[in-house]
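Taking it in order: structure first as structure tokens, then the write-up.
Chains here go by letter, A, B, C, D and E, matching the order in which they are written, and residues are numbered from 1 within each.
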Amino acid sequence: MIDIVVHPNIYYFASIVLFLIGFYILLTHPNLIKKVIGLNVMDSAIFFFFVAVGFVSDGGSPIVEAGSEALTVNPVPSGLMLTGIVVSVSVTAFALAIIIKVYQHYGTINVEEIYVVRSEREC
Amino acid sequence: MINLFHFVLILTLIVVVISVAKIKDLLSAVILFAVYNLIMSLLWQQMRAPDVAITEAALGAGVTTVLLVAAISKTGRLEK
Amino acid sequence: MERILLSLRRNIAVISSYLQRKIRLRWAVALIIFWIILTGSFDWQQLIVGILLSFLITTYWGHFMLSDIQAFLVTRKNILKLFHYFYKFIIEMVLANIDVAKIVLSPKMPIEPTFICIRLKPEKKISRVLYANTITLTPGTISVYMVDDELVVHALTSDAAHNVSGWYMEDLMCEIEEKGIVNYE
Amino acid sequence: MLGVHPGVLVVLVLLISAFISPVLDQFKFKRFSIFAIGVSGIVFALSIITILRVNSLGVEYYHFGGWTPDKGIEFIFGELEALMLLLVSGMFFVVYIYNQKKIRAEISKHLRGWYFTLAFMLQASLSGLILTNDLFNMFVFIEISALTTVALISINENRDTVFASIKYLFLTAVGSSSVLFSIGLIYLLTGYLNMDLAGMELIELAGMYPAASSMAMLFMFFGLAMKSALFPLHIWLPDAYYSAPTISTAIMAGIVGKAYIVVFIKVFYKVLSINFFEQTNLANITVIMAGIAIIFGSLFAIGQTKIKRMLAYSSVAQIGYIFLGIALATESGLTGGILHIINHSIIKTLLFLTVGVIIIYTGAENIIDFQGAGRKYPFTMILFSLSALAMVGIPPLNGFMSKWTIAMGTLEAEKPLYLVIIILSSLLNGVYYLPIIIQSFFGGDEELGYNWEFKRLGFKIILPLITLAALILLIGIFPSYPINYINRIVFSLIS
Amino acid sequence: MKFRDTIVSIITRFMLPFITLFGLYLIVHVHLSPGGGFSGGTVVGAGFVLLSLTYGISMQERKFSHRTSTLIESGGALIYIILGISAFIYGQPFLSNLPIFPAGTPGRLFSGGFIALLNIAIGVKVASTIVALFDSLGGEDLH
């Protein structure tokens, strides 16, 4: 494979960029489903960060064959990220379930419109 | 030293994410998000974390997309 | 009269349960082969677990797998035909790929997407589906929807659309079906 | 025996009962309240055994799966952990006894099995959160508790609860994400997930990598402050407390936020200690945020018309007190902070339980409706007044002791401005609590005699209320024992 | 309403056993190759989702009813905890490997102690959770 000389911190940099874009989506979009997507982008950026922490250039997969002592990447962060992905998916599923309920009660999933509906009711 | 393939994948990821942020049609955004997750899982496979990659492909790209599509079909497709 | 009908029905039930058992066994063999491909080893521990899981799956999905697909397409008589079919299929796929590449790469992009509805000659559902998937896998055409013997095909150019109806692959499929499928009912 | 530690059994018993309840529900089991009381009674007994064992044997570690601490998950049984475990299981025990009647009114029949599943899961995750000594395990418990809390808010589905729960879910998910990011940074720096080991490494590494370590600290602070509702990040709290069923609110206000604060103490004193208190300004910023929280929480509370919202904003102010005590990082300050965790937990639970009684019997949600409530429900309202006075900080009650200790802490840290803030806030507390008390006993037009309501309430509601009131009085009158105990904790944390 | 496309229904019937076997392979081979209880459980659950998407919720209800899924879901978690607790009998901490499950030779299937058993419990729970999730998000309207 072709190698080019870039600083290896590109992984961390990229994960932080993705995190910030996800946070941007979460903050600026009033649509709740878009917010969920933003949340997921944030989470996967963090998982990417963890995988990058464990990544060793030229390391093999952490699958141990009997008797081999090849250089492998650190398996601990990726093991942790399995749990992380699970947690993120369950949060997503739960959020979507509640979003459907919000739609049933307010008729919209736009946060600004929900605030309008709520303030109308209180007046 | 960094593999060129990784670099290309990372750039694609950022481009896809920005288009997810910009697109108005929620269904397209969800599909782009699935693409994002698939590229991410490819990248992780390249970064020698195959178990995370397989889980991300099954959950991030599969289940999350199905759930999001289900939610969109119940709420509404266009972002207002 | 009723008694005759009843005995007939019972006989059918006996036959079909025998066949189901036979087909279930074939399914299990197919699954075990799949398992060996997955694990890539002939270790006895792997094989035991594989056989166990295969029979578990066939007993769980049993009726579901078999209630519609009456039989396997593969029998002793038509296996050569099938190989021939796949050989032709691969050639067609390469040719069609080159065609599509020409269309896409040409600067004018001479595409005119069309939907056409064709009637299928094969009679069994499984062979129809196989044929429909052949159409899908050859680039430029996609089978969209199929009910009974009507198949809706989406084609990239009108030429491709014309070629789909009366394609020689369909006749091949019919031959396979005639030789292969024993009508158990 | 090496294998069994009572503190670990707490988590296991709760998890098992959480997963058994849906099975029981499928088999038409009806008596979930009694089941819950039994389980939480066992758990309470186990946590008493734990605290006794910690007193006699000192700090113990428990390694899951027999892995060494640098690889596996570790539980720590120190004095802080044992005390907080006792608080959590005691509060849940009390709330479950109270639930007996309350749950019939607030939660529909087919959801009760589900409700107890969630409550057991929540208690298990909070106990684990307090006991764990592993950063990633901490994150997992945080997420479980967040999800179960949201489910407890939205268990009765209506317009308010779905809105409150979606708001809480998004904010809490952002908080968890930033906690996870911070854990990633700590792991990147040290290579450990164990709190003790990572903290040891960080002492040396923080100076070498100031950017990464301060970023880890900022993200951790943001996440935990979001979860425990420090002032500008409290926006989910009033909606959540207001719309949830009162029993859920009592659990949330009394216990859930406190567990996150315990995690805050553990992380910031054990893992990020050097950074937090010496090299950066974050401790000072926390103190300022806490001061703002104390004043503004009270000010917002004055403006409310709904009683549960008022109590929620009062919680914001009290969380400010706790954070003030923690971030002062002096001996008295931290002692006061930890004592105030316990006191606020007891007082707030009693407040919500008494308000719950009134809401259940009269349906009164507005503060105005409380006029004359004291004559109809004198017993309940007397206990309400007691806890409200404790919250304001009237001397013989427990709220006074913790506030006093925090005030000592401000003087030790030479920040007398915050002493003024504490006094001012006590006055503001008086402004919104005292009118309710006075109105309830002397307001209203109806000429009702005092009508003691013991028969109507029944033993199962009176017992938890009286227990909590007794605790308020006991800690207020004999503060030396808990303060001495907490002093030992503080000594081990600060040194 | 039943989805009437013959292609999808036939292919679903054809693929389902293979999907299930692949999921089980991922679960059972947790200590040898990437995968594990969670990914495998998801794949198995996705098979059920495919079933209900193609043939409607009634077919899925016949194969895997709501009651069964609730019971199995709790059962998986309980099996996990019980396997963990059974270490107490030998005086070991929670989730220690039991002496009755020897470590075996690395690389063969019967190695890694009771990790495979734990992952079967996880896989069972996850598969039923995925099905329940899809149902509760209103999967029945999708097909």
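Everything below uses one rule, namely that a residue touches a chain if its C-beta (ideal position, glycine included) is under 8 Å from a C-beta of that chain, and two chains touch if they have at least 3 such contacts.
Note that the structure is a prediction, hence the values are computed from the model and not measured.
**Student:** Return the chains common to the contact lists of chain B and chain E.
**Tutor:** Joint contacts, listed by label: A.
**Student:** What is the set of chains touching both chain D and chain E?
**Tutor:** A
**Student:** Hide chain E: connected chain groups?
**Tutor:** Apart from chain E, the chains cluster as A, B, D | C.
**Student:** On a CA-centroid basis, which chain has its centre farthest from chain C's?
**Tutor:** D
**Student:** With contacts counted as defined, which of the two, A-D or A-B, has more C-beta pairs across the interface?
**Tutor:** Pair with the higher count of C-beta contacts: A-B.
**Student:** From the Cα centroids, identify the chain that ends up most central relative to all protein Cα atoms.
**Tutor:** A
**Student:** Could you pull out the chain whose C-alpha mean position is farthest off from that of chain E?
**Tutor:** D
**Student:** Compute the distance, rounded to whole Å, between the mean C-alpha positions of chain A and chain B.
**Tutor:** Centre separation, chain A to chain B: 10 Å.
**Student:** Whole-Å distance, chain A centre to chain E centre, using C-alpha means?
**Tutor:** Whole-Å distance between the two chain centres: 24.
**Student:** Hey, how far is the Cα centre of chain A from the one of chain C, in Å?
**Tutor:** Distance between chain centres: 40 Å.
**Student:** At what distance in angstrom does the C-alpha mean of chain E lie from that of chain C?
**Tutor:** 28
**Student:** Any chance you could list the residues of chain A touching two or more other chains?
**Tutor:** As it turns out, chain A has residues touching two or more other chains at 61, 63, 77, 82, 86, 93, 96, 99-100.
**Student:** What is the complete set of touching chain pairs?
**Tutor:** Here the touching pairs of chains are A-B, A-D, A-E, B-E, C-E, D-E.
**Student:** Along chain B, where are the residues that touch chain A in the complex?
**Tutor:** 1-7, 10, 13-14, 17-18, 20-21, 26, 29-30, 33, 36-37, 40, 43-44, 47-52, 55-56, 59-60, 63-64, 67-68, 70-72, 74-76, 79-80
**Student:** Sort out for me which residues of chain A touch chain D in the complex.
**Tutor:** 19, 23, 26, 32, 35, 39, 42-43, 46, 49-50, 53, 76-77, 80, 83-84, 87, 90-91, 94-95, 98-99, 101-102, 105-106, 114, 118, 121
**Student:** So in the complex, the part of chain E that touches chain B is made up of which residues?
**Tutor:** Within the complex, chain E contacts chain B at residues 26, 34-36, 38-39, 42-43, 46, 49, 130, 133-134, 137-139, 141-142.
**Student:** Mind listing the chain A positions that touch chain B in their complex?
**Tutor:** Residue list for chain A touching chain B: 1-8, 10-11, 14, 17-18, 21-22, 24-25, 29, 31, 33-34, 36-38, 40-41, 44, 47-48, 51-52, 54-57, 59-63, 72-73, 77-79, 81-82, 85-86, 89, 92-93, 96, 99-100, 103, 108-110, 113.
**Student:** For the complex, which residues does chain B have touching chain E?
**Tutor:** So the residues of chain B in touch with chain E come to 50-51, 53-55, 58-59, 62-63, 66-67, 69-71, 73-74.
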